[in-house]
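Scrolling down, you'll hit the structures one after another.
Shared between the two complexes below is subunit A, which has subunit B as its partner in the first and subunit C in the second.
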Partner chain A sequence: MTGNYKTWPMILLLGIITVPLVLMYVYLFVDTVTNSAPGSLVPNEITGEHWRFLWQTLPGRPSIWTATFNTFLFATVTTLIVLSVSSTAGYALSRLNVPFRAFFLAGVMVLHAFPTVTLIIAIFLILQFLGMYNTLIGVILVKASLELPFGIWIMKGFYDTVPWEIEMAGIQDGASRFTVWHKLVLPQVMPAISALGIFSFLAGWSEFILPLVLAPDNKVQVLSVYLAALIADDNNFDMALFKSVGVFYVLPVIVLFLFFQKRLMSIYGGGTKG
Partner chain B sequence: MNGSKSLGLMLLTPAIVFVLLFFVAPVILTAVFALTNMSTATGITGGAYQVTQSSLRKLAESYGQAELANTLAETRYTVNEEGLEAIAADGADARLVAEMRAKLGGRSFEKRRDLESAIKTLNSRPRNTRALKALSDTFHRSIVNERFESADAMLRATTNLGVALSADQKSALADATYTGWVWTTQNFTRMIALPDTQRTLINTFIYVFATLAIFNTGFALVLSIATHYMPARPAGIFRAIWLLPRISPPVLYVLLWKWLAWDTGFLSNFLANFGVAPRNWLLDNPTNAWIFIVLINGFVGASMGMLIFSSAIKAIPGSLFHASEVDGASRWQQIRYIILPQLRWPILFITCYQSLSLLTSFEYILLATEGGPGGATEVWALKTYLTALNNYAGNLEYGYGAALALVLVVVGVVLSLAYLKVFDFKTMVRPPRIEQ
Partner chain C sequence: MRILLKNFGKSFGAVNVIENLNLEIHDGEMLALLGPSGCGKSTTLFAVCGIHKVTAGQILFGDRDVTHVPSQQRNVGVVFQNYALYPHLSIAENIGFPLKIRKESAAEIKRKVHEMADLVQIGALLDRRPAELSGGQQQRVALARALIRRPDVLLLDEPLANLDAKLRLEMRSEIRRIQQETGITAILVTHDQVEAMSMCDRIAIMKQGQIVQIAAPMEMYDNPVSDFVAGFLGNPPIAFVDGALTGSVFESSGIRIELPSAAQRNGGPVKLGIRPENFQPEFPQKVSGEVTFVESQGRETLYDVRLDDGQILRSIQGHAVRAGVGERVSWGISPDNILIFDEKGARL
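Right, the complex of A and B next:
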């Protein structure tokens, strides 16, 4: 929508405000493969030394591959739980005559906005009671539960858009409600399920506070905690190394995002972060 | 009809289980913990009884039992069966043991010298001084720093020392030496009394309002309106760039800001060209720290408003813009009279939604400044986290942290219920149609 107004003042204005952001992300990638003289911002040599963490374990840290595997496991299992639970619950809340339906929906809506910080102290103690502190399964269950209200809400929204006629037709032909859901409705919301899946995976991959509090041990450490511990260590300050680990960590996110941008947008519109 | 009901419940069950375990239970437990003094020191499962220097001080100061505390603090020498068996096992003369049992049994002495002189009066006393010393050392009894599983065991040990206790003293001693957690309302009185709380409250308001007004709605509006007046390609590029902070993992995103702000980072290097000494812009003073906190959170927050406002602007019929242009409207007039009125609800939504998420988010502040410098950027949620789960003192105060969290729970629930009212909850929960 350009009309007959000049566009360049708008581009210039936004361009200036966007400069810091562009600088940060450009230097993120540049600094991982180059060296610059101290005090200079222009790189003077190309090097691969900042990527040494891939083949040698950094002092006091677990191997990057352990952390990567843990992160992958964490994000994948969380996603599977979120998908299976919210695709069933979302359907029940959208289409079935469940008792206390309005109450459940209000509950989901309130929980959706419910902050981690208010729960995490109690969760920390619950996991200690259950002996699941410092285990991946513990933090996975917690993360999946915290994602659920959002997942249910999103799935409910997508089920709402499926035409009733499809189900009416199925019922007319004598199918049970379960069959109707399973055979007719579920295929209709596949795009939503894949979008929610990718979203949950990314949310799991990026999660920091929960693993930091609930599973900080080297053995079960995920990449976010690994990177944060690396940065917090004052004795080994190496910005280029931090950035290289950061790029390694963010690559799957960028790849997924480039491939599934359109689908994710439908979810980010209802985003979860501040 | 029934099929729908039972299938619905069946499909809902897993979700209900998860939500009960990790939402409802934690919220209830948060309320419970808020009424205790639970901390690392007290443990979470219950405690033991231990006479320590601090519990003795507590006994003297809070229970008015200074005399008892002094008595317990003294090391004592008591001749009892346990000690007698010990010296017999060490190979002491059987006659000496029998004589001590008969003459000194059950007596206790304040100083070793007293015990030694008592032993010297015995007929079968050891001849050399060293044996005498070793002998009396065996009778050394003190309950300081000893740990007892129950109050009874501790009181028995106290009586064995030769200290007689009244009923009052017994209960005072048991209370003062208990190391487990107890019920208390002190968390809330402390919260109100501490000047820290007020400062945290002010910090929280600054944080929420500044970020919300400047970025989450203000700058988001600028972004969506500016990209609206651009050709599709640059508009897409700008939107993609501004989405980067949202899709970047927080740890990495904050690292980028640290690179910008640290004393060896971009800003210091760049400003060195103009003779400004390098410094850590993120932490050198509270004002700069606040600027960065608002920037860090705002750059993330702006994208959500941008997406929602952009799609709302896209929904405005193009003919409106064309018609207004024919009528000679300026760009400002278009924004003022066409776009902004359309955005009233989206702006309200963003304000409501993000005020709540800002109020309870602390991840970026934790990563960037950890509340520093000197607590200047410590907001309520971060304070809760630091109190209960991570602090330098090493004593994690679960009880006080839970009390702080409970305040957020109450504020959060009240706000979200109010927002639900605003956004017409009824239309979202229309009853299912097949059953009608």
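Right, the complex of A and C next:
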């Protein structure tokens, strides 16, 4: 174990550099359950009052549970749309003899590179016109369609790696093209489906600018907007409350990451092969 | 079932791969489509199974015209070069897949899968996944899957290409055994003449989208219609010598051979085909040259002999006879077994 003697100075150096970051994370959690005297870093009492948003609705705000439910609905429905459209569109672009295939592929690529913010005024006007401004369904459709280019491209890359012969064999075995896709090809790209699913869910969960602009109302508010409104409110400025809501907001993300790290990695491993 | 291709043609865009091809495969026969890559043999196979749409002519299974019938309704079993097993299904599910698509009962599927597994001798592997099997075993699974719904015709696309040499030998006889036991009509696509000769009842040799000759393997070996066919069959390959024929005497700058039963042709340029087994020390028509290459294959030894005008003859002999590289030899040709071709390559 002589190697350890050579690495410990490096570890120490890295440790010192990382301390500010680690401290910030530690205080993010510590401050949510304690109070400290002004100017002091050492907490002097333990309290649950910063988590009061869980059981009482803050003045002028929607209930945290409404916002959580909205966020969950927003992320889940977005994910479902992205998965169902990407898995079929990716297959079509990879395998079927669709007209304007090259045009669609290039189009998807361009859309993927397009910054969302530049579209926001146009989208706002369209939603306003369609009467979907300030509705969850409106912002879900917008978010899903903005996520789709990435999803379609990833799925196409994975479909490209599935051998043609599997499909030919399926057709020879008497299966329809749909059955072949559903029963034989889709199982081969399950890693991509699950990775894309988690990815879309996280993207939906952390989306801020679209709900802020397109669905700011209390009834349809999501957690990111709720959180932003807290810090924007100069009259009731409460840093500890803000941190507590932040922790509450980020917990599901951390849990998801812990469970699905490996699958998230596979999206980069497999997608590049296409 | 008898398979008939009538004036069959296939083009991809402006490229005509196959034009006006006629081919009949008898009921219960195993036919090889043999040819170099790009000759259209796989295209023909994929047209028979329906993966490629036919652009001209007809395909008949028995009396049924299947030219425009989709693959799913053709009842054709295909074994692909890389087996194309479904990686996420167990071996039993792989074999039973065609029946599941037909919505047969689970009990019936199970019974038939076991029957098939016994036929191809993989009964012990049914619970495994394809990735856990060796190449030869995967090949057997692919065969079982192709055969389970009793297809009208079995198509084999280079089935042995991905196997190592020893397994190839084993599977060659296995595929033949299974084909004969089931009595199924089969088409084997291959570029390996040994496979075609050892496994099939008849060989159709193809070149540039045309069938050059159809015959039983030995018939084709002994009586090739052209130098292309003669050159394709036989290992080590036949040697060709260019020269001129006068009456029944063949002459080139290096050799002079009396041909007993030669086609009469005065002064024309011709090409002689001499197989290595017909160029031996004890044969009558002596030809002398220098040994330029010796390859020992264990039981036999292969010699390349360069004639005085630079043309090469090949001889294969039992390893008792020895001649070193650089040595001059005077060996004989058996005149009865010489093949004569005209300058365009057609047999005289």
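One rule holds in what follows: the second predicted complex is superposed on the first by the 244 of 274 C-alpha atoms of A that agree within 3 Å, B and C clash if a C-alpha of one lies under 4 Å from a C-alpha of the other, contacts with A are read in each partner's own complex, and residues count from 1 in each chain.
In this section, contacts are C-beta pairs under 8 Å (C-beta built on N, C-alpha and C of every residue); 3 or more make two chains touch, one makes a residue touch a chain.
Predicted model only: the values in this text are computed from it and were never measured.
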item	value
Partners on subunit A (subunit B, subunit C) - clash or fit	fit
Contact breadth on subunit A, by residue count: subunit C or subunit B	B
Contacts of A:Ile166 with subunit B and subunit C, given as first, second, both or neither	second
Partner chain in contact with A:Pro187 - subunit B first, subunit C second, else both or neither	second
Angle, in degrees and to the nearest 10, that opens at subunit A between the C-alpha centres of subunit B and subunit C	120
Which of subunit B and subunit C A:Phe69 touches, first, second, both or neither	neither
Partner chain(s) touched by A:Leu21 [first = subunit B, second = subunit C, both, neither]	first
Subunit B versus subunit C as contact partner of A:Ser176, first or second or both or neither	both
Which of subunit B and subunit C A:Phe259 touches, first, second, both or neither	neither
Subunit B versus subunit C - smallest C-alpha distance in the overlay, whole Å	7
On subunit A, positions contacted by subunit B and by subunit C	168, 171, 176
In the complex, subunit C residues that touch subunit A	49-51, 71-73, 76-78, 80-88, 97-98, 101-102, 145-146, 149
For the subunit A and subunit C complex, residues of the former touching the latter	163, 165-166, 168-176, 179, 184, 187-188
Of subunit B, residues touching subunit A in the complex	1, 3-5, 7-9, 11-12, 14-15, 18-19, 21-23, 25-27, 29-30, 33, 38, 44-45, 211, 216, 219, 222-223, 226-231, 234, 238, 241-252, 255-260, 262, 264-266, 269-270, 272, 297, 299-301, 303-304, 307-308, 311, 318, 321-322, 325, 331, 353-354, 356-363, 366-367, 381, 384-385, 388-390, 398, 401-402, 405-406, 408-409, 412-413, 416-417, 420, 425, 428-429, 431-435
Sites on subunit A touched by subunit B in the complex	1-5, 7, 10-11, 13-14, 17-18, 20-25, 27-28, 31, 38-41, 81, 84-86, 88-89, 91-99, 101-102, 104-107, 109-111, 113-126, 128-129, 141-142, 144-146, 148-149, 152, 164, 167-168, 171, 176-178, 181, 202, 205-206, 208-209, 213, 224, 227-228, 231, 239, 242-243, 246, 249-250, 253-254, 257, 265, 268-269, 271-274
